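Following this line, the structures themselves.
Each of the next two complexes has chain A plus one more chain, namely chain B in the first and chain C in the second.
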Partner chain A sequence: MTPAFLRANLNVIGALGARSVKQTFRRPQLLAPILVFPTLLLAIQTGGAGSAVNLPEFPAVNGFLDSMLAGAMIQSTLLAGNSGAIAFAVDIEMGFTDRLFAAPISRFAIVLGRLAGTFVLGIVAAVWFLAIGLIFGASIEGGVGGALLVIGLVALSAAAFGGLGAAIALRAGRASVVQGLFPLVFVILFLSSAFFPANLILEPARSVADYNPLSFIVEGVRDNIVFSPSLEGLAEALGAIALIGAISISLTVLALRHRLRTGG
Partner chain B sequence: MPAIEAKSLERTFSDDVVAVAGVDLEVNEGQIYAFLGPNGAGKTTTVRMLTTLLRPTGGSARVAGFDVIDEAADVRRAIGVALQEAALDPLMTGRELIRLQATLHGISRPEGRRRADELLDRVGLTRAADRRVGTYSGGMRRRLDLASALVHEPIVLFLDEPTTGLDPVSRKAIWQEVSKLNDEGTTVFLTTQYLEEADQLADNVGIISAGRIVAEDTPARLKAEVGRPHLEVKIAEDEHALATEVVARFGQPLPSKDGAVLVELARGASEVATVVRALDDAGLCVESLDLVEPTLDDVFVAKTGQHLEGGETETGETEAIPAP
Partner chain C sequence: MEAATATASRELTRDTLGAHAAMVWALIARAGNEIVRVPGAAIPGVLAPTIFFLGLTAVFGNLTELSGFPTDEYQSFIIPVSLLQGAGFTGAATGVNLARDIEQGWFDRLLVSPAPRSVLLSGLVLSASLRSLVPAAVLLTIGFALGVDWPGAGGLLLALLLVMGMGTAAACWGVTLALYFKTQGAAPLMQAGMFVLILTTTAYAPLDRLTGWLQDVAEYNPLTQVVDAMRQGFVGEGLAWSETWPGLLVMAGLVALLGAFALRNMRRTSY
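After this line comes the complex of A and B, so read on.
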């Protein structure tokens, strides 16, 4: 995937990305997990567990909502990846991907088009939760620059998680299989520092959270909201995204090759 | 140079299922070639290999002069494909779908818009262009699928069962459009399980059964191969003997069926008028007279020993034919 490849396929990736975004907005069952579910969970957690900030080792923050925003955003990106994967599997089931495979374009551009759509949905999710935070009294300590970093990290995470989903969709070819992975999203989330500071999580979950790449991404996003942008946090978050992205691309290429070779 | 050429084309799936077992075929430029066979005969697998969607496990094929394995991208540039069951996104509008298809073929945005308008008009979908595909009837979807396959003006058009499940009116609308495209110079390769479709449209027919082509020729020659037309003369019971004597002058009498006297006409359909005159001269009062031509189903039975599934037309929804 070189810059020349991206340039040559930019129109196709853009068109397929635009279709993917429209598809999500036109099908409520794809959009709800990205915005509605994380918003509800955020409301419940903030309303019900707000006094957690008073725990002795809880990091010093302006408010519980400020601390929770990053978790809600990352939950949204995971679910955006899952929704994108379901939509991709539906495309495979109904034969729409065959229409794309029969066109004179790079077949990997088809996957990148889907991920471009997920990237845009990541931006939408980040802006949505930043707006909710600001409306309900959270402050973005990193200012405008911090907010832009948050949007960038969340969008990149969505695309990276979307890649994993795309690989599963290509391999399974059935929406029901992809849908079955939905609960895993919550297992991965709760085994990270998305909803609770890692230092307050009990063992062995704490050790898992310490090495969970999701924790690095969440902390990278949270730094910009709760504290101020830190180069170290940003580097760790980008490193985790790059790791997930590399695994995603590798698995997607393998799954794509398998599908094209076997026809299913 | 043939538009499509396959030599010993094979496809075996991982579970040792042989879907296509060595297909040889040649379709000349400007022809309509119908690939006729029942469900599971290997039609769709062959089309998927010819359209580069599936890699052959044996043999070779060239489409528009390009090898389907080594020059797959060139093949895809030269062909239009409308697959079985019209794989359309129900959430897109007809116009969006054709514009997307134009982008996939590297057509510029203004040109894509122009082509979309032109094609939607051609298939009679201008008024429905901005409606979501999910609201379209089966016939409208097929027409949209056909239009999207034409956006880049392909040299060879592959249609996989383009009218399966459609009512007779919608089916005829598709046939008209396919004939028109062919008149404009497009080579058409279509798969079908409808005998009438192959008979009406095709210059050449390939009959496939269990992954092999069992017969290939023009519809007329294939039918001539299995027998001449026969005449069924319905006549009063007490006049059967005389009628049999009269018709025997024109060919081989066949066993009587449903109270009718049957004769296989030695010189074909051109003798019908002479037979009628002879019956009249003999003072016989004919109740009805039917000329029965061999059908492609007869060819199919002769070649495979079984009838073709889907030989009878299905009925489905009815809808208006697009305005000419």
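After this line comes the complex of A and C, so read on.
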């Protein structure tokens, strides 16, 4: 791999990443699930279940909003992965991806370009929800360092979930199939500690939440907002992201090979 | 001569009414065919509220431990909201389907038919009203299996009546937007409108247990009356007319208001 080849592929990743971000901001149907929908749900759930902080087993927090911010961020990253996958599938349907495959660039750079865009959208989502939290009275116990850790974890999560979405888009090749996975996002969220502390979730969802990698990511993000950064929480969150990332990469490689071999 | 004219006029009116009824029935049958021939089309209206029902019960089930909560079973408390959500999504899907028909030119053919616009609208919204019973049936089956309290025959009938009303109102909302935007791209607006209207009520907890802005909004959101009327069968000690009539009145008002908007847009639409 020569430096020139590497530079060319980095340019491709940058260009495709920028295209992906612009595409999301230009199409409300892609942006709405990432920012508008999680914000609405955050506002409604905070008002609707805010009295839960009075439950004896609820962890001591400044406010229910503080506790809910991490869930909203991770919900946003999951939906960013889904939106990115829909846009990727549309590119495949329209033949844009085939033209990229025919170009003298690494095929993985094409996928990484899409994921770079999702990574940036993860940063946007993290900053958006931190800002909303601060405006409406939440406090970031981890301070500036904690906020930076939150942004980093959320962006990495977005890229990991985006990888899963890219694999599905490559394998299915149809936007309607990828769009049909939207409800699954909520199944995964409800079976984690995204919206409520795991010790207060009813069985059998509680047992699933205890082992759901998403719970580890949410808790890692939540630690920095509600309590203070902990090395253990950070390590568990990074481990869960690495696990999802590894699965994403494996599935993407298989899907890419299948598409290149069969053309569909 | 006058008697013959009167008879001919009566027959004409009878024929016209018969033709209108046939048109409404044809549109209802077409929507029914879609459930059988395209089962995937009914999935969002069934799947989304079912996931929310199961998810919210599992996640927020312990809220019943708060003092003043009217029941020990959160599934009984939340099921009216899920029923309304299912009807809302199904009604909104009527708007999405209409936008698809507009994009594909099929709706233009309906517009050039001699059927009045009010008949076309009736066919669309009545089909939504009946289709909203599909998610309701699924949700109630799952709910009763998970221990939702039996609301009694009266409570069940009231719930189904309000579900059909919600389906009609949501369809009117969807039709209004579909005729205005003329694209399926307006689908999120059709769905989000109903989603927000339903969840900014006493959906998650009783009014005095809501916090912040939601308590104020829920107090003035007229749909709160509908949720409370429907809920009394599931968590109360039976139906009380004083709790029922405000819900029925609000639902009738909502259908009348959104129906008027839909009819206005329908009459303004030209081919």
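Quick notes
In this section, the second predicted complex is superposed on the first by the 256 of 264 C-alpha atoms of A that agree within 3 Å, B and C clash if a C-alpha of one lies under 4 Å from a C-alpha of the other, contacts with A are read in each partner's own complex, and residues count from 1 in each chain.
FYI, a residue touches a chain if its C-beta (ideal position, glycine included) is under 8 Å from a C-beta of that chain, and two chains touch if they have at least 3 such contacts.
Note that this is a predicted model, so its numbers are computed, not measured.
Model built by superposing both complexes on chain A: chain B and chain C fit together without a clash.
In the superposition on chain A, A:Ile105 contacts chain B only, with no contact to chain C.
The angle formed at chain A by the C-alpha centres of chain B and chain C is 90 degrees to the nearest 10. Set against each other, chain B and chain C differ in how many residues of chain A they touch, and the higher count belongs to C. Of the two partner chains, neither chain B nor chain C is touched by A:Leu10. Using the contact criterion defined above for the overlaid structures, shared-chain residue A:Leu243 touches neither chain B nor chain C, since it reaches no partner.
In the superposition on chain A, A:Ile201 makes contact with chain C only, not with chain B.
In the superposition on chain A, contact is made by A:Asp91 with chain B only, not with chain C. Once chain A of one complex is fitted onto chain A of the other, the partner contacts of A:Phe64 are limited to chain C, with no touch recorded for chain B. Residue contacts after overlaying the shared chain place A:Gln23 against chain B, while chain C stays out of touching range.
Here's the short version: in the overlay, chain B gets within 15 Å of chain C at its closest Cα pair. Comparing which residues of chain A touch chain B with which touch chain C, the overlap is empty. Chain B makes touch with chain A in their complex at residues 13-14, 48, 51-55, 73-74, 76-77, 79, 81, 83-85, 87-89, 91-92, 96, 100-101, 103-106, 132, 148.
Listing the residues of chain A that touch chain B in their complex gives 11-12, 15-16, 19, 22-23, 26-27, 91, 94-96, 98-105, 260-263.
Chain C makes touch with chain A in their complex at residues 40, 43-44, 47-48, 51-52, 54-63, 65-66, 185, 188, 192, 195-196, 199-200, 203-205, 209-215, 217. Of all residues in chain A, those touching chain C in their complex are 28-29, 32, 36-37, 40, 43-52, 54-55, 57, 64, 180, 183, 186-187, 189-191, 195-196, 200-202, 205-206.
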